[in-house]
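Look for chain A in each of the two complexes below; its partner is chain B in the first and chain C in the second.
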Partner chain A sequence: MPNRRFGFYLALPAILVLLVLLAIPALLTLFQSLFVVPDDGIGIGQFTDVDNYLFIFKNEIFWATCLRSIVFAAIFIIGSTLIGLAGALLLNEKFVGRLFLRGLLVLPWACPWLIVGIIWKWFLDGNIGLLNGVLMRLNLISSNQDFLSNPDTALVMTALAATWRQSCLVALLLLAGLQTMPRDIWDAASVDGAGIIQRFRHITLPWLRPALTVVTVLNVIYGLMQFDVIFAMTQGGPGSATTLLSYLIYRQFFIFTNFGVGSALAVALAVIALIGGLIAVKTLYRKIEV
Partner chain B sequence: MESSETGSGLNSNLDRRSLLTAMGVAGLTTAPLISSSMMSSADAAGQTINFTAWEYQPDTIKSLVKSWSGKTGNKVNISFIPNVGYTAGIQARQRGGKPADVFYNFAYNSQKFVNQKWAADLRGLPGADKMVAEMFPSARSRFVAENGAIVSAPYFSAVHMLQYNKKMVAAAGFSSTPNSLQETYDQCKKIKANGVASPYVAYWVKDFVEEYLHVYLLAGGVKPFDNKGDPIFMDDPKTLEVLEWWQAMYKDGMTPKSVLTDDPGKHTTSIANGDAAFYALHHYFLRDIVESKGSASADIAQAKIVGTGGKTLQMGEVIQMGGKVSGKKKAAAWDFMKTYGYKDSKGEFSTFQKWAASGALCAPYPGFFKDPKVIAAFPKYMDLSLIQDTFQNSSDIVPARTLPWYQGFQAQCGTVIHDLLLGNSNPRATANALAIACKTAKSGSGL
Partner chain C sequence: MKTVRRRRPLSRARIVRTSMIYSVAACFVLWILFPIWYTISSSFTEPSKIGVRPTPFWPANPTLDNYKIVLGIPIRDKDCTPGVDIGNCQTAASNVSVNKIVDTMLNSFYVASTVVVITLIISTIAAYSLSRYRFVGSNFFLNFTILSRIVPGLVLVAPIFIFLRVLDLLNTPWALIISYTSFTLPLAIIILKNYFDQISVDLEEAAALDGAGRILTLRLIILPVAVPGLIAAGVLVFLESWSEFFFALVLTDSYTVPPLLAGFLSMQTFNWTLLSAATVIAIIPPVLLTMIFQKYIVTALASGTGK
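The block that comes next holds the complex of A and B.
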């Protein structure tokens, strides 16, 4: 059997699963976004052309929420990538307790997003939260801060909570990438007089580029689709300070039971995520030239 | 009022309250006749009921179900969905073709579910009219739509009460709890001056603050919606006073700044440990406060939110029957619902007796409060007669809260009220924004 055909057969189960679980619902969502879907969910309803899209694009709430979602995602993507990269570099070095710390990396990732939200809600609590306690002891604040009830800090704090979990996955993926890097390249560069920053810039970073591309695309998706952490920590509040597009979609589907508009919002979010993912790939993906 | 949404075929001149009263009288007199002519639950043994509930005291639910199954010979498959996300979960199952035969639901979803044929109209089922007739008149419209459809049975009912620290109120020089919203502010201010940083706590998070809108409007003597479900609060000058008071409570530090995102668990801890003097929420939270055994738990008592003059919000959630249940299964499902939300085959409030003991939950029936087993089961530190009096004389369910469009209003309410509290809006603009939220919810054009 030719290699290509054999490869196709191996991939076929995964392709079928993806078709059923992703492609069909995605197409259905796209389809529904052009209709007024009946509340009872029976039938597809009346074709409305692009009215659902016009409705959301003409609504200032949509644009404000878009901007908020992008800010949230930017904090999430940059934060989790940088923290994850730093963690991976650290855990790639030899020191006592390295294995234990590597094991700990899995713990946040093993927590469901909702639980992460609850943990961080207590951590940031305005009266008894650990963060306030630490900041007070370090004399960085003189009185307790209500991070989640303050519209100026709530979005950043919820993004940091999500970042905490995601940075562990990023660290794991990048650590795996680092461990495949031949040590002799690094050693040869040292012999040639390259400093630590030069070695990182010209050897480590290019080596990690494919892994970074995957990680960043994942971060774009997780950052823009984030719902659970927000739901657990602020329910989109105070006011609309943490209301993201995913929250609007939830409201349209399950509160207003407006599947047409909900689907249009979902398509809009998917397009934003797609653009974000493409930018990440375009910016980061290059062939390894080490 | 968009009566078409509820499928009303009744003469629009017929007053809703008159209709419900008439239903009560008719139900009490004709129910025995109707019951005898209808399908008996005894015909329905050997059925399997699929029951979906949220995860509040799952062991109690299992024991209630087991008890009913043992008595009737029917099987019940229980499926729990976490409280968080229950609405999405139950709707996904409906749309996915796996509807439950009997399920918990939030009252604000109940009429919508019947309209969408996801839940059954219970009219004509044996004892359904009697169930409604035995309720407090003020509670009936939660279960009966404008067109007379009986949309649900009670799962539990509660009234908003003021949990307060007796010692703190006395130390501030007050002989009684506040008799008005202004007095609430004044007492808080005095207690704050005595060293309690944030005297007042309440569950003002975005998704829940709508309940408080009604609690405070009713306390301020405002009728939020008319009998047709149209908003009238924005035309009442007292609404502005209520909103001004609410904003001042937050702005002047009578509440912790974190109140916009704090959970009931935190408030319970706060008042139980003497860090707050007042906690406004459902009556059964007194149980948590006392049983948490905080340093101030023994000092906490319960009062009506605005003394004897005003009203408070009566709330409760419901159980519904799936819209596709039929035949013998329907008889079995209804028998289960009656036992769960009304009386068992012996005519006892056996389910509510258990909920009273395990959670201090109430039922919207005057008979519940007179039941010796309920009285014995209810926590002794709670004044059951005060709660009964609040149900009977000092509370309103705000019937509009079960209308099909209402959840859309509720979803927008949080943002509007938070903007008021954060100082981004003034009372007049808030009243207008709430009216617009009603309008968009009714037209289904909210985002």
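The block that comes next holds the complex of A and C.
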């Protein structure tokens, strides 16, 4: 058998599985977004051109939800990257308890997203949550705050909960990048009189760029797709203060069984995620050459 | 008068640096432990003690009763006044369905292990092929696989839901095993392809000279060298399957751990101390796995996904 065909046969099972489980469902969703799909989801009903899209694009709820999703993702991406970077730089130093802290990072990272939501819902609880208890003891608040029932704080708090887990993964990945950095570059720069901040900007950061790109793409995906944390903590409430696109889609599909509109929303989300991922790759890669 | 010279004089800069390091480290420990500590301490708290304000850091009379109830171990009757101490009563607790946690964890293990086996078999040969052979469309297939990591499950869920309903597989472990493969397979293929790329082709050429066939070479020469990559891919796939919530919520009736815990949250009268115990039990397997295999996973993730 020629090598070409042998290679193809080895890949064939994966190709078939991904065709059936990924390509066809994705195309069907794209297809369904152009139709009025019956409630049972079987068949495609009447062709409506781009009516489903017109419906969502003309709808204020859609744009408000998009904005909310982007705000959530922005807090999540910036927070995870900054906290993770700080953690990686810290763990790259020698100090007592370094291994302990490194082990600790695994704890949030190993938690399923839903459990992250449960942990933070309980932590932030308006009646007996620990955060309220501590703020009270420190006299920072005079009465208990219900962070998750307050529309002004709920979105930030859910984003913070998601950041809690992701920052630990980011720290571990960036640390892996830092540890491959040859120490002599740093020492050479330090002999040449470069200060800590200069060395960070001109040596560490460029060195970390590939790792930062990986991490940011991951963050964009998890930030824009986040569902579990919202489901556990707020179910999209209070009102619609934490209803992200993912949650809106879930409700269109499985509560209102509106497959046409749900599919259109899902396609919109996929496009937003794709754009977000591309922006991340473009901005982080271009700077390498500068 | 002679003084012994200290080897590392405590310069001002060093003091500043050291105190910076330890204060940042302290912030980090707080950031990580603070939220999860409350769940852990609540799991050892008697339900009746949970309303104390301001919330204490440490449970007043630590008890294992929450764990016993959740795990279905009988607790002594005198701890229980029916109708009053709801959380302490086994009869009351069994209505609350938390003690399904053991069965549900076994379900999760079953689903996750099956997904790992299926994914590893299919992805190993596919990744090996992508690393060593060119065939018509092989580049397209590789790019498709990488790109598919960005496709949200939400885009796939409705057609998969309908497929599974037509095949009458909803509410079975196979609903999850099948749907999870849609995202674990690309992940494993990318990790393993990167790994095979790092293995020198010399090995195969030597084997070919000795007259070994291509399949025999893959089995006897390449696979043993690829064990770290296989471990990384396997553990990551296991963790993703263990943690997955959305498909499990939509395609089954709380078959695995995450939807079980979520269902518990949405009940009118539920007990935080029991839920805390269940949560702690539920994160023990992924935490152990991640701790043991941390090196493999971090290497695979850091070197891989972004290509």
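Here is the rule we use: the second predicted complex is superposed on the first by the 261 of 290 C-alpha atoms of A that agree within 3 Å, B and C clash if a C-alpha of one lies under 4 Å from a C-alpha of the other, contacts with A are read in each partner's own complex, and residues count from 1 in each chain.
In this text, contacts are C-beta pairs under 8 Å (C-beta built on N, C-alpha and C of every residue); 3 or more make two chains touch, one makes a residue touch a chain.
All figures in this text were calculated on a predicted structure; none of them were measured in a lab.
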item: Room on chain A for both chain B and chain C (clash or fit); value: clash
item: Chain B versus chain C as contact partner of A:Ala273, first or second or both or neither; value: second
item: Touching partner for A:Leu148 - first (chain B), second (chain C), both, neither; value: first
item: Which of chain B and chain C A:Thr234 touches, first, second, both or neither; value: first
item: Partner chain in contact with A:Tyr250 - chain B first, chain C second, else both or neither; value: both
item: Partner chain(s) touched by A:Phe55 [first = chain B, second = chain C, both, neither]; value: first
item: First (chain B), second (chain C), both or neither touched by A:Leu114; value: both
item: Comparison of chain B and chain C by chain A residues contacted; value: C
item: Chain B versus chain C as contact partner of A:Ala194, first or second or both or neither; value: neither
item: Touching partner for A:Asn258 - first (chain B), second (chain C), both, neither; value: first
item: Set intersection of chain A contacts, chain C complex versus chain B complex; value: 41, 114, 121, 127, 231-232, 235, 250, 253-254
item: Of all residues in chain A, those that touch chain C in their complex; value: 3-8, 10-11, 13-15, 17-18, 21-26, 28-29, 32, 41-42, 83, 86-87, 90, 93, 95, 97, 101, 103-115, 118-123, 127-134, 136-137, 161, 164, 167-168, 172-173, 176-177, 210-211, 213-214, 217-218, 221, 224-225, 227-228, 231-232, 235, 246, 249-250, 253-254, 259, 262-263, 266-267, 269-270, 273-274, 277
item: In the complex, chain A residues that touch chain B; value: 39-41, 55-56, 59, 61-62, 114, 121, 125-127, 146, 148-151, 154, 231-240, 243, 248, 250-258, 261
item: Touch list for chain C against partner chain A, complex; value: 18, 21-22, 24-25, 28-29, 31-39, 42, 50-57, 122-123, 125-126, 128-130, 132-136, 138, 141, 144-145, 148-163, 165-166, 178-179, 181-182, 185-186, 189, 214, 239, 242-246, 249-250, 257-258, 261-262, 265-266, 272, 275-276, 279, 282-283, 286-287, 289-291, 294, 298-299, 301-302, 304-306
item: Chain B - residues contacting chain A, complex; value: 84-85, 87-88, 91, 94-95, 112, 115-118, 205-207, 256-261, 263, 266, 270, 275, 407-408, 410-411, 414-415, 418-419, 421-422, 424, 441, 444-447
